[in-house]
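As written, the chain order gives the labels A, B, C and D, with residue 1 at the start of each chain.
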Amino acid sequence: MKKAILIVQCPDQKGIVAHVSDFLYKYQGNILEVDQHVDEEIGMFFMRAAWELESFGLEKDAIGPTFEKEVAGKFRMKFDLYFNFPKPRMAIFVSKLSHCLFDILSRVYSGQFDVDIPLVISNHLDLKEVVTAFHVPFFHIPVDKSNKKDAEKQQIALLEQNNIDFIVLARYMQILSSDFINHYPNQVINIHHSFLPAFVGAKPYHAAYERGVKIIGATAHYVTEELDAGPIIEQEVARVRHHNTPADLVQIGQDVEKVVLSKAIKYHLERKVLAYRNKTIIFY
Amino acid sequence: MKKAILIVQCPDQKGIVAHVSDFLYKYQGNILEVDQHVDEEIGMFFMRAAWELESFGLEKDAIGPTFEKEVAGKFRMKFDLYFNFPKPRMAIFVSKLSHCLFDILSRVYSGQFDVDIPLVISNHLDLKEVVTAFHVPFFHIPVDKSNKKDAEKQQIALLEQNNIDFIVLARYMQILSSDFINHYPNQVINIHHSFLPAFVGAKPYHAAYERGVKIIGATAHYVTEELDAGPIIEQEVARVRHHNTPADLVQIGQDVEKVVLSKAIKYHLERKVLAYRNKTIIFY
Amino acid sequence: MKKAILIVQCPDQKGIVAHVSDFLYKYQGNILEVDQHVDEEIGMFFMRAAWELESFGLEKDAIGPTFEKEVAGKFRMKFDLYFNFPKPRMAIFVSKLSHCLFDILSRVYSGQFDVDIPLVISNHLDLKEVVTAFHVPFFHIPVDKSNKKDAEKQQIALLEQNNIDFIVLARYMQILSSDFINHYPNQVINIHHSFLPAFVGAKPYHAAYERGVKIIGATAHYVTEELDAGPIIEQEVARVRHHNTPADLVQIGQDVEKVVLSKAIKYHLERKVLAYRNKTIIFY
Amino acid sequence: MKKAILIVQCPDQKGIVAHVSDFLYKYQGNILEVDQHVDEEIGMFFMRAAWELESFGLEKDAIGPTFEKEVAGKFRMKFDLYFNFPKPRMAIFVSKLSHCLFDILSRVYSGQFDVDIPLVISNHLDLKEVVTAFHVPFFHIPVDKSNKKDAEKQQIALLEQNNIDFIVLARYMQILSSDFINHYPNQVINIHHSFLPAFVGAKPYHAAYERGVKIIGATAHYVTEELDAGPIIEQEVARVRHHNTPADLVQIGQDVEKVVLSKAIKYHLERKVLAYRNKTIIFY
């Protein structure tokens, strides 16, 4: 089914829901989902509406300009319009760990994710065989202190050649430069292996073990310039006990990581995530 | 803050959201919450809207008739209108176990529940002291096979004298007659101490122990004629292990029961529960 | 590290722990794990001990007879002795769904499961490509009403030729005969896509949807003659909401299924599961 | 049932379990629970054993000296011996919030906690009525910057007069001095309203809201000199969404706090908690 998704954001005031729903009704949109949220603290209104395109009274290209003229202009709205065709194009960055990669590829295989994966990029060769077994092109771009800038240039070139819409860091163990991140604002999803904001940075499972926590977690977030501090998309936790070693925590945590990352990808793919003020609204 | 809550239900068709939100906009309603749900299987549309009454352009008594005339009539809508004043009046039925009762009373004490409790009814005297310590009138109505009909007559008389809106069975260990239940359709909330539909009936923790389950649960539901088979409002679970005895399960389960029951009461109080087809829509 | 695992079961009485630990101390066993459980209801004692074999004072083959003579005989103990070498040999049965299969194979790939998989058997061809991509032999044995007995004969022949220790039904959608099951008592692990004992049998997600539950689950259990009624090894749940369709439940549930099944396999591989009286003791 | 609990801690070596269980067997102890743990990182062994005193071959007072002579001395063991009689004596400190207090009192009422509560101390008068309704003496000791030292002197005097064994800070909003804490090492249990180590200090729910986390939590821990940094006894979490205000988080969190604190009290009462290296071993 071909559908359109409208994401709206504006200062809160009376009549917004009425005007947006009048617009969809006027052109005979068959609404699939509508969700709204008001952030009372800052007086902002957010809305997401999805509707079927078939039998809708406006051509795909006319929807944006018409909505701008008839509704958005009156309410100082910022809005984005998405369509579920062509399929979004996702790049995956990995290092050596396979659990998140496998989980994503198996969901694509089974049809759970409606996405194209034109390429996987890695700074190591370890996962090449896995990726190619799934018939996905694999690019090896080694990264070290001396060549980081260069490596990112190569990565960006590949991403642009392949018209990549968003990037998933599936336990990619390199920190991206601000430059890279600014190319893809709120389009780079990372999985961090702790329950943020606890245990920012390297070796969070070891830090969790040292602190003696009874629950560990994982956090999927959009990457921003500050390390592990971007808008949180999804989190999940698992219980651990005193007899669990750091190696146990790594293993228990991996089951959480892969589920959290896949949920975040799913929300992102369905345009259910609105990032603002370093937080996210998730319309699930 | 004085507010109105509108619950709408009708066959799904285009324009419903537009018409309802136009109505609220026309009379300058400051919308607090709007949620909708379409059951695709049966083609039914459900909506809940809450708005501030202050500065709303219709008097309290005029809202229903005006909405009927301007909107509901056109869409064959069934609708209900609620106001958060005066406070809803809740009766509690208990037997001997105190954990759910305490939890409810402590939430009323701390202001978490905006509700009046004109009375507690019990078939035993055990909890009289607790109830009176909270300055709530306690009525002892013993129930056995021979006097059940009579006992229910007394109960209903008390409920009617006290203008009770809804009833919470906080581990009340008697089965209510169909007659009683039909007096209060979707207004009697029960907590069953299992993860329904598993372990219907008496002694569910013992049955769970016998079956060797690894997780136990509790279920809050509206009471219907069929035992433990009414619309489920909320469920929650807790993990158990092989060394837990039936007595442990009872204790672990009580923590789940009280949380589940209190959530169900909260949803009911805020009119966030719509029961239909023996299920519930929960707009939380 | 080479290790031995001793599982003991006997009527409860004083001195059992003392005698078993004296035995391990006498032969200089470096104990890795000891766990015990008493079922008070039936007066039975259960124990699991794991220790390093290197520097142990008895040859591998002498441990059983010596333990029998010095300890087990005195306490009417039944005991089993396992070693983590050679690796256990696991067969996987699948039908068309890939999520559990992928999850297991990816854990073997990453070294999380210390197991050999000599073969995968399926009644369909759909997953052949996946399996062979992991370099695991795939056998297609179609099953229908007319050839069931024959098909099982072929399956058992393959299992015996390959010295299979235990079998995982990774969403294998055929019911095994009593005959088959009796070949592998407590050695066939199934994943059922409901929170047993709720929703036994076919289409549990649809049944859960119809009943309007707020939480769904999955159950890993040993297969016995009665359908979905064998000893439960592990269960887990996930929250669902009124807007989730049966198709959503299937998808949400698959994430639960794969985690539950993998935990059950892990417990089984480490000999941490004791099945008795249609329940399990899990020493994790 | 009268029982003894032995907690043992020593450098790990072969034969410890054998010697301790031989000791209990020799004097005909009916073992109820035995658990052990080895911290491989630091080579330390920990053990907890509980047994019935009736028919045990040593008088209550002779157990410690005999165990010292026959076992502990040989292994450089530190050990503690506890009995479940007389009942432990617990003091509760509160400020204005009632949810944890109610939860504890209702568990004592229903017999879930086998404990005496000789007094509740508060820096406010708000909860006096609740406490006295439960027939527990209430002491009001106001605290401000100028009188803190004096107030603690009064508190300690009351605790000592009442032979208090341990103290529960049930949302007591004052920081105790090092002096006070050193009087009660690992005997002061606090509930912190965040998932530590995230959101140390004041207003953690507001900090969690600002950070946009998807899950909040609560942590029960022993109080040490460093704020919110003592050994963690128990943690639990709850899911929150973008529409939850800080006030919602407070309310959702309170349900978690009371469950976590009560579990920690229960573990402590049953001597199932061993604190060392700023962590805890929990033998549940």
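Throughout what follows, a residue touches a chain if its C-beta (ideal position, glycine included) is under 8 Å from a C-beta of that chain, and two chains touch if they have at least 3 such contacts.
None of these values were measured; they are calculated from a predicted model.
Trainee: If every chain is reduced to the average of its C-alpha atoms, which one ends up farthest from subunit A?
Mentor: D
Trainee: Shared numbers divided by all numbers used: is that above or below half for subunit B and subunit C, i.e. same or different?
Mentor: Because over half of the interface numbers appear in both copies, subunit C and subunit B meet with the same residues.
Trainee: Cα centroid separation between subunit B and subunit D, in whole Å?
Mentor: Those two chain centres are 36 Å apart.
Trainee: In whole angstrom, how far does the Cα centroid of subunit B sit from the Cα centroid of subunit C?
Mentor: 42
Trainee: Counting only residues that touch at least two other chains, what does the list for subunit C look like?
Mentor: Touching at least two other chains: none.
Trainee: Using the touch rule from the top, collect the residues of subunit C that touch subunit D in their complex.
Mentor: Those residues of subunit C that touch subunit D are 14-15, 17-18, 21-22, 24-25, 28-31, 34, 36.
Trainee: Which stretch or stretches of subunit B touch subunit C in the complex?
Mentor: Subunit B residues touching subunit C: 37, 40, 195-199, 211-215, 217, 231-237, 241-243, 245, 277-282.
Trainee: Okay, in this complex, where on subunit C does subunit A touch?
Mentor: 97-99, 102-103, 106, 109-110, 112, 130, 133-134, 251, 255, 259, 262
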